[in-house]
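Next come two complexes, and both contain chain A; in the first it sits with chain B, in the second with chain C.
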Partner chain A sequence: MHLPFFRVLAAVLVAAPSLVVAQDTTSRGVRIGLTYDPGTKPGVVVLPVSTALGDSVAAIVSRDLDLGDRITVIPLDASASRAVARAGAPNWSLLAQLGAAAAIQVTPTPSGLHLAVYNVATRQTALIRDYVAPPASSVRAWRSAVHGLSDELEQSLTGTRGISRTRVLFTRGGRLWLIDSDGHGESPLAGAVTPGSAAWHPNGRTITYSTYVPSQIVVQDIGGRGRTVASGRGVFISPVFTPDGASVVYAHGEDDGVDLYSVPASGGAARRLSVGRGSDNVSPSFSPDGRRIAFMSGRAGHPEIYTMDADGTNVDLLTPLDVGESAYRASPDWSSDGRLVAFQSRIDGQFQLLTVGLRDRALKQLTSDGSNDDPSWAPDARHLVFVSNRSGTRQLWVIDAESGRARQLTRGASVRLPSWSPRLGEP
Partner chain B sequence: MNARSLVLTLLACSSFAALEGCRRKVTPAATPVPAGVDAAAAQRRADAQAAEAAQRRADSIAAANAAASRDAAGDRQAQLDMGNILAQRVYFDYDRDQLRDDGAAVLDAKSAVLQANPSITLVVTGHTDERGTAEYNLALGQRRAATVKRYMTGKGVAENRVSTQSLGDSQPASSGGDESAYQQNRRAEFEVRGASGILVRTRD
Partner chain C sequence: MRRLALLSAAVLALGGCVASKRDVFLLQTQLSTMQSAAARADTARSAQVAAVLNQIVQSNDSVRAVSARLAKLQSTVATDHYEMGRQILQIQELSGQSQRRLQELRASLEERSQMAAAPPVPVQGDTTRAVPSGPGPAQLFQSSLDQLRRGSARVARSGFEELLRTYPRSEDAPEAMIYIAETYAAERNQVAADSVYGLVVQRYPSSPKAATALYKHAISIRAAGRTAQARAAFERIVREYPRSDEASLAREQLKTF
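Entry: the complex of A and B
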C-alpha cells in the first residue's frame, strides 16, 4: 500500500545532490501525497550499524521517528538485528517478514552522516544522502545534526517534516530552562530571573519573557543579554512575538484590569489592543497569518477564550459560553496550521486540555489524567507540550493530539509554562 | 528608659512643681504663731505640716512617674498596634477580587493610620492560590491589589500613596495543598514605605 509514495520518492532522488548540508536538503515543494491516517503508520526498520557511534545514531534516529508518531519503528531483537543487515545488501525477505515498508541505515562518516533508505517492496535503494555533521564530541551540535537528518527523513517518508530538532522553554525554580524535544540537554538559561511565561521569536534564536520582579517584558537572544521593552507598575505578563517577529504583544494592567498591548520588538511606544473595561485579558496567541489573536478574557465574569483582530477589533467568543461561575477556560495556543486552538478547561475541578476548531468550533478533549495546564503546540501542529501533575508533581508532558499518546518530558523539580520552539537551524 | 519616656517624666515633674506653687498660694506655708501659745507646740505642728507636705510631694512624684510610665508603655503598644494594622493581610475568596467584611475592617484601620501619618505610602501585593493558570493568577492578584487600593482611596487615602503589584501564585504563604493553605495564599500583602520612626496615633 505504500508503493506509490516510494515510487515518487525514487523519482525525487534523481534530482537530489549526493552531498548536501543538512539544513537545505529538503526537496522543496515535493509532497509524497500521503494523507495522514491515524490507523496507518508506515513500518520502518532502522538497520543496526556496527560501531558504537553508529549504535547511538541509530538509537537517536529511531527515537526521533517514533516520537514523531507518523511512523512505526519496528523493534529488532538481537538475532533479527544480526540477520537483517547482511554485508552489501539488506535482508529483503526478513524486512518484508517484519512488516517493514522501508529500511533506514545511518552510518557515521569522517565528515558527518551517510543516510540510505531502502524500499522493501521494490527491493531498491530509495534515497541516498550525505550530511555534514560536527564531531560527536560537540554533543549538542552533533545531536542537533542527527535530529536534522531525522526530520528530513520523516518528511521524505510521510510528507511532513519532523520536529525532533526543536526545543522547549519552561520555568523552574525562578529560572527559565531549555530542553531538547527528546528530553536531552536540559539546562537553565542565563539571565532570566523570576520569569513568567516565555515565547519564541520565529527565528528560533530570540525569546521574549516576563519577569515578576521587576515587573517587565524582556526580549533576549539565547546566549545573549536581555533588553527590557516594557516595564512599570502593576503586572507585565504573557508576551508573544507577532508571527513576523516585529512586535511583542503582552498583557499589562495596574488598577483597572489587565489589557493586551503591542510594542515594537526593538522597543518603543506601546499601543493598547484590547478594551477589557476592568476585566483581565491575558495570554495572547496569534493565528499563523498574524491577522487574529486568541486570548483569555474574564469579561464575561469568568475566564473564556476569545479571538480578535490584531488591532483589537472584532472580538468574538471562541469557546462555547458556559453559563455559571465554574467555567474556566484559559491558556489558548493557536496551531501553526491555523486550524485549531488548544486551551485548558476546568472539568470536575481539574484542568484538562482541549482543542477547538476555528472553522467548525468542534471541541476535542485531549487529556483526562490529573490536572493539565498551559498547552503549547509543536511546529507540526500535531504535538503539544503541557504541564501535568499526573506523575505527582508538575512536569512537562508531550501529547500527540491525533492519537492521544503521551510521554513525560521532564523529571525533577516541578516546572511550568512551557513554550515549544519553531523548527530550529544549526545551533 | 528611652528618650521619649524621659521627656514625659521631665514633663510630669515640671507640672508637679507648678502644682506645688499653686498649692503654696492657697495654703500659706508660714502660719503666724498666735501670742501666748506654747512655742514648742507650735514647732511640733509646723514639723508635722512639713512632714505631711513632704509626703504629699513624694506621693505626687511617684504618681506622676507611674502615669508617665503607663503612657510610655501605652505609646509603645500603640506603635506596635499601628505597625500591625499596616502589615495585616487581607484575604479573599477563591477566584474573587471582592473584599469580604473582614478585609474591609482591616482596610478601615489601615486607612486611619495612613491619614494620621501623611508621609507613609503602601505597596499592595496581590497573591493567589495555586489553582488556575499562572498568567491568569498574576492578573487576578493584580485585581485584588487594585480592589484594596480602590477601597482605601474611597476612605480618603490619596491615590498616589498606594501602589499595586501582583505575584500571582508564585509566592504562596503556605505550601499546603488543602483549602486552609489555599485560604492563607489568597491574600493581599502590604509593605510600608516612608515610615521614619514614630507613627502618629489615630484619633479614636
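Entry: the complex of A and C
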C-alpha cells in the first residue's frame, strides 16, 4: 500500500547518504511546526503498519506518546485505520477531520526503525529518520530503542523530550526492583539485599542505596557488584548522588539525632553537612545546579521541609510552618527544572502529595485518594512516581502534576521507596 | 650403785607423774582461760570487723547513692542541654519565620505608606494615579530576593546593590550583601562571590550572617589551596561565633587539617 512512497523515500535515502546524515544530525532537538489550538495538546494519529512487528511498534509508540501527557493520540477504529493511510500518501482530509495536527508512521526495517512524520496542516512530510535497533528477539534492548524513538519524536512535536526510556527503582520484599516507566520489564536487581531507599547516579548506570543489615551506604553499577562507601554504628539511610555524581549525601545518626553527611562516591572521609543539634535531618534532594539541598528536618519540633546550601549553610524553611501537632511533611524531591519540590504531608490522618514552588512558595496538592507518599520526579519535571494504597495494597503510581491524571505502575506484593531514573541511553 | 640408780629413776618417775597431773590441770585451766580470752578477743574483733564491714557497706551505699544521683544529674543536664538545644533551634526557626514574615510585612507596609503619601495629583484630563517616589529598603530587598528565586541573578544583584546604595544603614544591608555574593555564586563567579563574602565579614562582623560569610570564605580559600589562611578562618569562626551552626561545621573542618 505504501510501497511506492517508501520506495521513493528509500531510493532518496540510499542515493543520498549525506542527506541521511544531515537528517540525523539536524533532527535531534528540531521542532516540527505543527498547527493546533494554543493551550491544547496536539492531536496525533499513529498510522498503522502492516509488517511484522508493525502493530507492536505502533502500539508502543502510541502508548509512549499518550503516557507523556503532552500529545493526544487519536484512536482509530478498523475502518478509519484502513482509510487513513491510502496508497502513496496519508489521507490528509481524513486526518484533518480527525483533528490530527500530525500523522506518524514507524516502520520496522531490517536494521531498525524508520520514522516518518507528516504535518497535516501543510500536507508535507515534516521529518524522516532512521534508527538502528537491535533485533526484536532482544526484547528489552529492542523496546528501549522504540522508547528512544518515542522520546525524540515527542521532543520534535512538543519541544520537550519524552520519558518513556526511563526506569523506576523500588524496594519490595527486602530487595531492590526495576521497572520500565510504562510498567514493563519488572525484575529484581541482583546483589541488593535488605535495602532501604535507593537513588540513581546521573549516568543512569549506577545506583546508591542503604541497607539495614549491615548498616551501610552502597554504590553499585547495575548488573555489577556493590561497594560500601559508608558504614558503622547507627543508621545510614536515604542516600542520593550529587548532580555531578562525584559524591553521595546521606543521613547518618546514632542516639543524638540524625544529620546529613557527604562522602566521595569512590569512598573516603565523610563530612557533616547539617547541624541538627539532636533533631533528625534526612531525605536530601539536590537542586539541579547542585547548589542547594532540600531535606526533611524535625528541628522545629515536627518534620518540615527545609533547604540549605550544599555546604550546610543558609538553612531556610521551605514549607510554611504548620504548628499543628499532626503536622508532618517529609520525603522532598526537587524537580529537574528546579521550579518545584514535591513532598508528602499528613492531611486528615493520611499522607498526600504536594508541591511547593521555589519562586513563590505556593503549595499545590496533587492527591486526595487513599494515602500517598514517597514522591520521585521523572526527568521531565512533570510526572511523579509515588506509593499509594488507593488500590488496596501499596503500589507504585504515576501522576501528571499538571493534569492530575494518574496510572498504576506495579501490581502484586506491596512496594516502597521509588526512585525515577534520569533519561537512559542504550541498554 | 646400780640399785641407787634404779631408785632414783623410780622416784623421778613417780614424782614426774604427780607433777604432770597438776601441771596438766593447770595447763588446762590456763588453756581454758586463754581460750576464753581468745574467744572474747575474737568476739570483739569480729564485732569490730562487722562494724567495719557495716561501715564499708554504708559507705558503698552512700557512694552508690551519690553515683546514682550524679548519673541522674548528668542525665538531667544532658536532657536539659538537648532540650535547650532543640528549643534554641525552634526559637531560631520561629524567629527566622517571623523575620521573613516581618520582612514581607514591612515591604507591604512601605508600599502602602508610599501610596498613601503620594495622593493622585488632580490634573485636568489625567486619570492616572501619582507614582510613588521609590521603593523602601524592605520592598527593594523582597523584590530582589524574588528575582533571585526566579533565577534572575543579575537583576537581583542590581536590586540588592540599589538597596545598599540608597539605604546603607538598613537592617537588611548585611543580608543584601550576602545575597549579592549568592548572585555571583549562582553565575559560577566564585572569585567575585568570595570577595563579597569577605566584605560582609569586614563591614558587618556582628551580623548573624557574618559567620555564614566567613565559613563560605574559608571553604573557598581552602579549595584554592590556601590551607593556613583557611585554617585561621575556621578557627576564627569557632572563636568569634561559637554558637553558630557554622562553628559546628568549622570544628569538623578543623579535624581534617
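Observations on the model:
We adopt the following convention: the second predicted complex is superposed on the first by the 387 of 427 C-alpha atoms of A that agree within 3 Å, B and C clash if a C-alpha of one lies under 4 Å from a C-alpha of the other, contacts with A are read in each partner's own complex, and residues count from 1 in each chain.
We adopt the following convention: a residue touches a chain if its C-beta (ideal position, glycine included) is under 8 Å from a C-beta of that chain, and two chains touch if they have at least 3 such contacts.
All figures in this text were calculated on a predicted structure; none of them were measured in a lab.
For the composite obtained by superposing both complexes on chain A, the positions of chain B and chain C are free of clash and fit together.
In the superposed pair of complexes, A:338 makes contact with chain C only, with no contact to chain B. When the shared chain is aligned, no partner comes close enough to touch A:419: not chain B, not chain C. Of the two partner chains, chain C is the only one that A:300 touches; chain B does not reach it. When chain A is checked against chain B and against chain C, the one touching more of its residues turns out to be B. Looking at the shared chain after the overlay, A:233 reaches chain B, while chain C stays out of its contact range. Contact with chain C, but none with chain B, is seen for A:271 once the two complexes are overlaid on the shared chain.
In the superposed model, A:242 lies in contact with neither chain B nor chain C. In the superposition on chain A, contact is made by A:258 with chain B only, not with chain C. Judged by the touch definition given at the top, the superposed model places A:156 against neither chain B nor chain C.
In the superposed pair of complexes, A:374 makes contact with chain B only, with no contact to chain C. Superposition on chain A leaves chain B and chain C with their closest Cα atoms 5 Å from each other.
Across the two superposed structures, the residue set of chain A contacted by chain B and also by chain C is 256. Interface of chain B with chain A (complex): residues 95, 132-136, 138-143, 146, 149-150, 163-168, 170. Across the complex, chain A meets chain B through its residues 194, 196-197, 212-213, 215, 233-235, 237-238, 251, 253-258, 280, 282-283, 296, 298, 302-303, 325, 328, 330-331, 344, 351, 373-374, 416-417.
Partner chain A is touched in their complex by these residues of chain C: 82, 85-86, 88-90, 93-94, 96-97, 146, 149-151, 185-186, 212, 215-216, 219, 245-246, 248-249, 252-253, 256. Chain A contributes residues 256, 269, 271-273, 275-279, 289, 291, 299-301, 309, 311-317, 321, 338, 358-360 to its touches with chain C in the complex.
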